[in-house]
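For reference, chains read A, B, C, D, E and F in written order, and residue numbers begin at 1 within each chain.
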Amino acid sequence: MHIRVINPNTTASMTARIGKAAEAIAAPGTRISAVNPQDGPVSIESHFDEAISAVGVAEEVRRGERESVDAYIVACFGDPGLMAARELTRAPVIGIAEAAFHMATLVSTRFSVVTTLGRTAIIAEHLLASYGFAGHCRRVRAAEIPVLELEDNNEAAFERIVAECRRARDEDGIGSIVLGCGGMADLTGRISDAVGLPVIEGVTASVKLAEALVGLGLHTSKHGDLAFPRPKPFSGRFADWSDARH
Amino acid sequence: MHIRVINPNTTASMTARIGKAAEAIAAPGTRISAVNPQDGPVSIESHFDEAISAVGVAEEVRRGERESVDAYIVACFGDPGLMAARELTRAPVIGIAEAAFHMATLVSTRFSVVTTLGRTAIIAEHLLASYGFAGHCRRVRAAEIPVLELEDNNEAAFERIVAECRRARDEDGIGSIVLGCGGMADLTGRISDAVGLPVIEGVTASVKLAEALVGLGLHTSKHGDLAFPRPKPFSGRFADWSDARH
Amino acid sequence: MHIRVINPNTTASMTARIGKAAEAIAAPGTRISAVNPQDGPVSIESHFDEAISAVGVAEEVRRGERESVDAYIVACFGDPGLMAARELTRAPVIGIAEAAFHMATLVSTRFSVVTTLGRTAIIAEHLLASYGFAGHCRRVRAAEIPVLELEDNNEAAFERIVAECRRARDEDGIGSIVLGCGGMADLTGRISDAVGLPVIEGVTASVKLAEALVGLGLHTSKHGDLAFPRPKPFSGRFADWSDARH
Amino acid sequence: MHIRVINPNTTASMTARIGKAAEAIAAPGTRISAVNPQDGPVSIESHFDEAISAVGVAEEVRRGERESVDAYIVACFGDPGLMAARELTRAPVIGIAEAAFHMATLVSTRFSVVTTLGRTAIIAEHLLASYGFAGHCRRVRAAEIPVLELEDNNEAAFERIVAECRRARDEDGIGSIVLGCGGMADLTGRISDAVGLPVIEGVTASVKLAEALVGLGLHTSKHGDLAFPRPKPFSGRFADWSDARH
Amino acid sequence: MHIRVINPNTTASMTARIGKAAEAIAAPGTRISAVNPQDGPVSIESHFDEAISAVGVAEEVRRGERESVDAYIVACFGDPGLMAARELTRAPVIGIAEAAFHMATLVSTRFSVVTTLGRTAIIAEHLLASYGFAGHCRRVRAAEIPVLELEDNNEAAFERIVAECRRARDEDGIGSIVLGCGGMADLTGRISDAVGLPVIEGVTASVKLAEALVGLGLHTSKHGDLAFPRPKPFSGRFADWSDARH
Amino acid sequence: MHIRVINPNTTASMTARIGKAAEAIAAPGTRISAVNPQDGPVSIESHFDEAISAVGVAEEVRRGERESVDAYIVACFGDPGLMAARELTRAPVIGIAEAAFHMATLVSTRFSVVTTLGRTAIIAEHLLASYGFAGHCRRVRAAEIPVLELEDNNEAAFERIVAECRRARDEDGIGSIVLGCGGMADLTGRISDAVGLPVIEGVTASVKLAEALVGLGLHTSKHGDLAFPRPKPFSGRFADWSDARH
């Protein structure tokens, strides 16, 4: 089974860390290939960053379709371009926010999210509402850490995240915590140890969900509103989408 | 990894069929043990049947705790006793309705449920609301087949289910169908072939979800409201619960 | 009119106190008979305790059906086995949580719940959502008192409850308080006096609701999903349910 | 116990019929006094009719306060002026729509409403949402009968209502029916007989709920947002409200 | 274009101030006429005050219908009589709470409301739920200022409002603030300057929305439930409504 | 006042038609400039088309920021890139779906949407839920017309839309209809005449809403989650976003 992990930002070091976290959790027969778009922002911390990166996600899915990928993971906590990506392939596509929320509801009745910047909390709130999990999430918290500060083995950032997780544990009436950034993927174990309750991180969660869907033989439905987009002319720098769907 | 599939009713032939479906989907390293309570109803088609069978589920979890089970599956579409079961173990516990709903939202934007008897639709509706998926489900449909009619390779029952699935596909504006009974586990492939869109069945879905959770090292949270029940005296035929939690 | 008050736990002293509170509020022509199952836990403080006690509730309804009971009350704040009980009889069946919530919305626009242990708050939250009252309840609060501490005229427990009620009154923006435990039934008047706003307790509320429903000639609907369960074989210690519905 | 039934419209014959229905269901010790405002519309079939009749309801509560009334009933299915009325008295005030919805959820999992004119369905929908029962009601149906056609023992109107109730029973997946007009109060028994499932009517339901609340010693909360209105000058034809609260 | 601004209370000085605020914002071709009912309360601070003032709103719409008004504004934050007013005219009718909520969602993802008295918060909450904006509003706050204290250039009141707005800005995670009283209309600019984020006030917002609707040629739908009320006899002081709809 | 109407697809003839419809409704002092991105799809009929076109919307806002635009309109019914666009400017940004929904709730209690292709209905459903209008919309209907078929004075397409609108009017219990495509902007009057109830179209609605917001001096909040994106490196074909925010 070949799972393509798409880091929607262009920071190769983060892609590598995310890929490593994915590999560490993958089942024996699973091949992980972690990629990121050539074009886009170095980190995703706003709706605008998300809009640009969604194009990169789509491009990576198109590339993947030529390489017999079995499932895709969109490895940014805002799940940018998730629905578009699903239209472009028969393979399952999973967002890491989505994956983490699903898993959290399976091991606890209520969870909180600890994310990077407060300004991205609204993105998590919108996703929670759209996915149906608004009632399961007590609170979306931010450690106020820019995404790229997670890149350099930053102990101060780690401590800030742990501190916010502890506040969530002590104040929110929860059973588990969802980490709100793909860049936290390799910290999960240490955070969980420090906090003492289940800590769910989306990259690893989505690898296992992808394996599950592929194992079940389930594909993204092509009946109805996730069918392949109708072919049509695209112009300018997107002209290569005009006839290149498959 | 050892997954205990608990069929909450007492029909051993159904337990065997469910177990076989679970084994067929399980990963190489996964051991499936399918069990059913000694005490309870032969099928579950009402709130009352559910209430009785929830005791059986609890008992099977207690038994499992002495046998180093890694995850439990509650293999009846009403997920009877799910929350109680979660309190009794650190291992993940997954209901098949829950599992099927989660998977359906990952491969389609909207789904319908096709269940056995119309009177059980309310159980599915309550679960959909509680899990957060009420907005993703267009309709809960019933083929009006008593559960045990699924037991004997019943072609008429199969045809009724397929017919209802086709109506769902054509009228409901959906991308996938959730089968609403554990007894349909071994029919999934044939139904999916006949209907032509993703058909999700909970026994198989929950095996893969259980593997995913165990693979992630996630356990049922013991922080907060799913903690082990406080020990206390039980009387009468439940007296053996007084001090036998583990 | 004969109202059967079922205390779902096995603590006879609590049954007696609940029965006395019910009698004190009953109309002249109303006969109260308070019972508790022989089998089950001494108190109900978890989903597991609830699952076991639901069987006791069902058994007491079956017994009641042979004694011309006109209405049943399930006198534990989690309303365990309520839907199952409704299937087993044509008589109205009322849960005390449900009754208290209904009454609270009739005398105030918003209420808070003050219950025993924090771990049971999730049960109240689930009921509020299912009954439709989630928007009317500001907060579910816990005095962190184990249920049986209410048994011995415990002044410390009483003070803890009153203190929590006062916090609810002063912080929550509410008009009334719902007491979240059947064991508080005989404290209602004193708590209300101490707090100075309407305090609603479910045992008394459900006695009056039961009288109301019986007075109206309303019975539990047998059209649709609360119809009597289909008769079927039960095995083991539940074998006596095989043919003993009526 | 003295229950004041306020018919918010000015049709005395309907007031008499409503009063009779209320008396027929009242407990031995309950005195019913049915009144209607002197000023207002002969029937209530729009938001505008409701707005005018809300003044009449307020005036009748003010009158009642001088006559030691123990509870008030607002006997129009839109519950006009309900919140205002609650502010004006310490006594419980119950709307008949509200009462019927509450009772319906106690005897069935889902109900439909059968009301008079289609244009008033939106009023019922708004109330269902506000009271929390939107999820319990499958459908608001109209028999398209003007309210006053119910006044003269109209068999054609009765048949239209029964026909619509039967459609609700057969198509909506419900367990009970709520009648959506105070003018149907004396038809309830016949309709229920004709339809064969619990039929709930608000006038009778609210009499029993009023008895229940008074029996419990519960009054409308004067803590918070239902407190008596702040005294203030009123001008013109409402000048008599300036200092006449009590 | 002629916009009739109806101040539902009878305080002429407030009507003048509201009218002035409306004129200041109106487009060149827009004529503002600000009126208030002759009959009713000097301020609106409860459901009861609202019920009385709704009659005044209806009367003013009736008067306006003889004067070729193009749109109506109901200039009290509880939007009293809004639906009734809509039934009485083909012209658009806009409530100032409604208008402010709509505008707030267009310039921010989340807002808070700062209103006068805490007891009116429930009115705002009910409107938010009914209009669909409950999820966009973080919190309804009160400065605990009686409405008429806003009348005399009251600096203390102004400071209290600003202080509450600052708390909203700093604690609620919002992007804008909605002022919860028509009497604050002429303070908006100063408050916005003092607080430093978009402050939305309903009188001005509704003038622009009214201009927008009239500009679009949109009228209140007379198809369905906002059609003109059916003509019918009214008695007593409301007798003039019997045949005077237009 | 300068309003920039951004047609997110690249079909210049549609841009012209949309611009003309916008000009026809604009107030005297309003300048309309209609543009479309150079790069992107000729029409938008899927999540993927939306994702690509969102980049074009962002680019057009960036261009507009150098040209003193006072407000932006995103003239595609899926409101692609709306939140991103809001982050990029202090000016108000309005989506045409959003605008149409707001206006529809001001002139009716319930509306239906008539859109082009059934596969885009999910986009409208997601927007309705996110904006808070899910409860106000009875049904999203599709005439099954590809967007570009609206381009050539297509009478057959017009008739299909009218036919679907009539079904909505007759079956859905609504007061108004929202047209679900920017390409229908110049058909609104004819459709409304043919159907006989208020028909709301988003391009015109958003012009008037934009005028309203600008008239009120309201800007997109830069406090909180719609603040300008943090500057950061972009690579590849998006490199020009690295430092070119303004």
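We adopt the following convention: contacts are C-beta pairs under 8 Å (C-beta built on N, C-alpha and C of every residue); 3 or more make two chains touch, one makes a residue touch a chain.
Quick caveat, the model's predicted, so the values are computed rather than measured.
Although chain D and chain E share one sequence, what matters here is the overlap of their interface residues, and that overlap exceeds half of the numbers used. Of the pairs listed in D-E, C-E or A-B, the one whose interface repeats that of A-F, with over half of its contact pairs matching by residue number, is D-E. Distance between chain centres (mean CA atoms), chain A to chain D: 52 Å.
A straight line joining the Cα centres of chain D and chain F is 44 Å long. Averaged C-alpha coordinates put the centre of chain E at 28 Å from the centre of chain F. Residue positions of chain E touching 2 or more other chains: 83, 109-110, 118, 121-122, 129, 135, 173, 224-225. Across the assembly, chains come into contact as A-B, A-C, A-E, A-F, B-C, B-D, B-F, C-D, C-E, D-E, D-F, E-F. Those residues of chain A that touch chain C in the shared complex are 109-110, 135, 173. Every residue of chain C that touches chain A in the complex is listed here, in rising order: 118, 121-122, 129. On chain C, the positions that touch chain B within their shared complex are 10, 37-43, 45-52, 54-55, 57-58, 81, 83-84, 86-88, 118-122, 126, 129-130, 146, 224-225, 227, 229-230, 232-239, 241. Those residues of chain B whose C-beta lies close enough to touch chain A in the complex are 25, 27-28, 83, 92, 94, 98, 102-103, 105-110, 131-136, 169, 173-176, 196-198, 200, 204-205, 208-209, 211-213, 215-216, 218-226.
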